[in-house]
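Once you scroll down, you'll see the structures, which are given as structure tokens.
The two complexes that follow have chain A in common; it is paired with chain B in the first and with chain C in the second.
== the complex of A and B ==
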């Protein structure tokens, strides 16, 4: 019984700490996490978009694979990693030495969430179109994803 | 003021007129597609390539084309520019068959601004899925900088185009010169009292040849291998 209580306490403590650890993710780790997710999004969206715009020949298998991977990676929700203190790179940090995040992410959280929700919706439509196998719908949905990307970048990326 | 009826003088050759109005159409296309984004970006790039070919043609035409198309004929000395500005300010008549001394410099500034816009676009990236054809040759850092200038320069271009249009409206309402019609027909009214300046017009075949050469040059420049999708 005593051992059980000890084990339970340790477990509770570990669970509690992991929650705390997540909430207190270091700014540089948060910046790296969101940039990594966005980079992988771009890697998957690239061929989808290029096929939609007929820059490269349409290949259904590659299109579908990339569209479904995009849906999975987007489900990681990069917006979770815009934690307080990650609006600027950490001074002297070797990793995550820059961020293009605009201050409005923190000053207009509702608008930011709406932009994220819009992208989630468009990526969902793209994945659905990919599953349906309708080439025309796939290409059109890819265009709408690109527009949602742009809308959010226009509002929440720093001006370069 | 001369009271005799004005005569008509041919001032703009066909290449200059076609260049001007195609540029209007293509710049509008570029602005709209750039704002829309998504799948329209492929047309943003194509429109940019067409503008580049047009501007390259126009620069060469400014060296070997008809009299009124040549830089040497419309880039006047600062003294002439100042004298013309004074004529405008004092509402005195001042007649130039082609670009006037202020307008001539404006043409050069507009051409350079448009050239910078398409030039920066070739190296730009949008952090989504569109990269200029020459993005591969420079760092992402430099591309981001050029993308920033691409976005800044379009605002400068809006200002320049607005100034250009305001000047044309001023010449129409303030000085009774219909420059828009002249840019369509090539012919403008010329006061019979004003001295007629001999204008030479270059061959249309030469213009066509130069434009085809410019288009081929742009096509070779932007035809870069695409990476294989996985």
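== the complex of A and C ==
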């Protein structure tokens, strides 16, 4: 619990609530933060995407809840956590044993920002569609979110 | 992207949208899912707790956004991911290199559920306070959430 609050406090300070620079977050904490946010996004978007592609039955309650949660968690802005030094695994860290980020995140920050902004836009449209309750619009918007995900992953993840 | 959707589809199926048993999620995916959810909770609750304890200045917008996001992400129910086989690290997995879960999660499921329900209740009150806009109520509710976090961690995490 103590570490929990300490970590959160450090993040709060880092997020612009003081003069402490964001880069003072430890690289392993930054990697873990961004990977956790993206994993939570995957857990939420996965069923949405599968419904949009009719791989699983459409369930409006789950679709809407997940789409709105995706919007909320995306607003945490995972791109803030690509801090200096977090471009490679951190030796000895318990969890940041890998990163799939490729170097273009740091060498092409404007391109990375554009990809993030595009995703933000598409997720905003998905959330708006979810609020509208229109199944067809929801499924179409989910497809566009998926395309934006893929475009960014294609450009900024190491190839597996 | 393919893995992303595949993972989400598996989760959607596992979450009761088909007859496939939840336990079919791979233990390393379950560990990663619960740790990611809890890390996102920490990122959101950390500043809330620090504001409630007056360790950092109160910022209503951030407090409210984080409290509501905590409610939304908590509704993903991280306790669902304590599946059989996920009580120990998974050899060879890239990220599930550790778990801090102690055995009582599996040996005392009713006690674990009660701790989860208590936290759900306190997070609900925090979100209600955030919606009310009353600073004093928000800070008091954050304290109660922190106590419920601590109680569960004390009982169900290995001691460090």
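Just so it is clear, the second predicted complex is superposed on the first by the 138 of 160 C-alpha atoms of A that agree within 3 Å, B and C clash if a C-alpha of one lies under 4 Å from a C-alpha of the other, contacts with A are read in each partner's own complex, and residues count from 1 in each chain.
Please note the rule applied: a contact is a pair of C-beta atoms (placed from the backbone, for glycine too) under 8 Å apart; a residue touches a chain by one contact, two chains touch by 3 or more.
The shown structure was predicted, so the numbers you read here are calculated from the model rather than taken from an experiment.
In the superposition on chain A, A:32 makes contact with chain C only, while chain B stays out of contact range. Once the two complexes are overlaid on the shared chain, A:64 sits clear of chain B and of chain C alike.
When the shared chain is aligned, chain C comes close enough to touch A:94, but chain B does not.
In the superposed model, A:128 lies in contact with neither chain B nor chain C. With both structures placed on the common chain, the touch criterion links A:50 to chain B and to chain C. Once the two complexes are laid over each other on the shared chain, residue contacts for A:73 go to chain C alone; chain B is not touched. Touch criterion met: A:139 reaches chain B, while chain C stays clear of it. Chain A has more of its residues touched by C than by the other of chain B and chain C.
Residue contacts after overlaying the shared chain place A:114 against neither chain B nor chain C. Within chain A, the residues touching chain B in one complex and chain C in the other are 42, 45-51, 53, 55-56, 59, 62, 146, 149-150, 153.
Contact residues on chain A toward chain B in their complex (touch as defined above): 42, 45-56, 59, 62, 66, 100, 139-140, 142-147, 149-151, 153, 157, 159-160. Contact residues of chain C toward chain A in the complex are 1, 4-5, 7-13, 15, 17-18, 32-33, 35-37, 39-40, 42-51, 53, 55-57, 59, 62, 65, 68-69, 72-73, 75-76, 94-95, 97-98, 146, 149-150, 153-154. Across the complex, chain A is touched by residues 36-42, 126-130, 144-145, 147-148, 151, 226, 229-230 of chain B.
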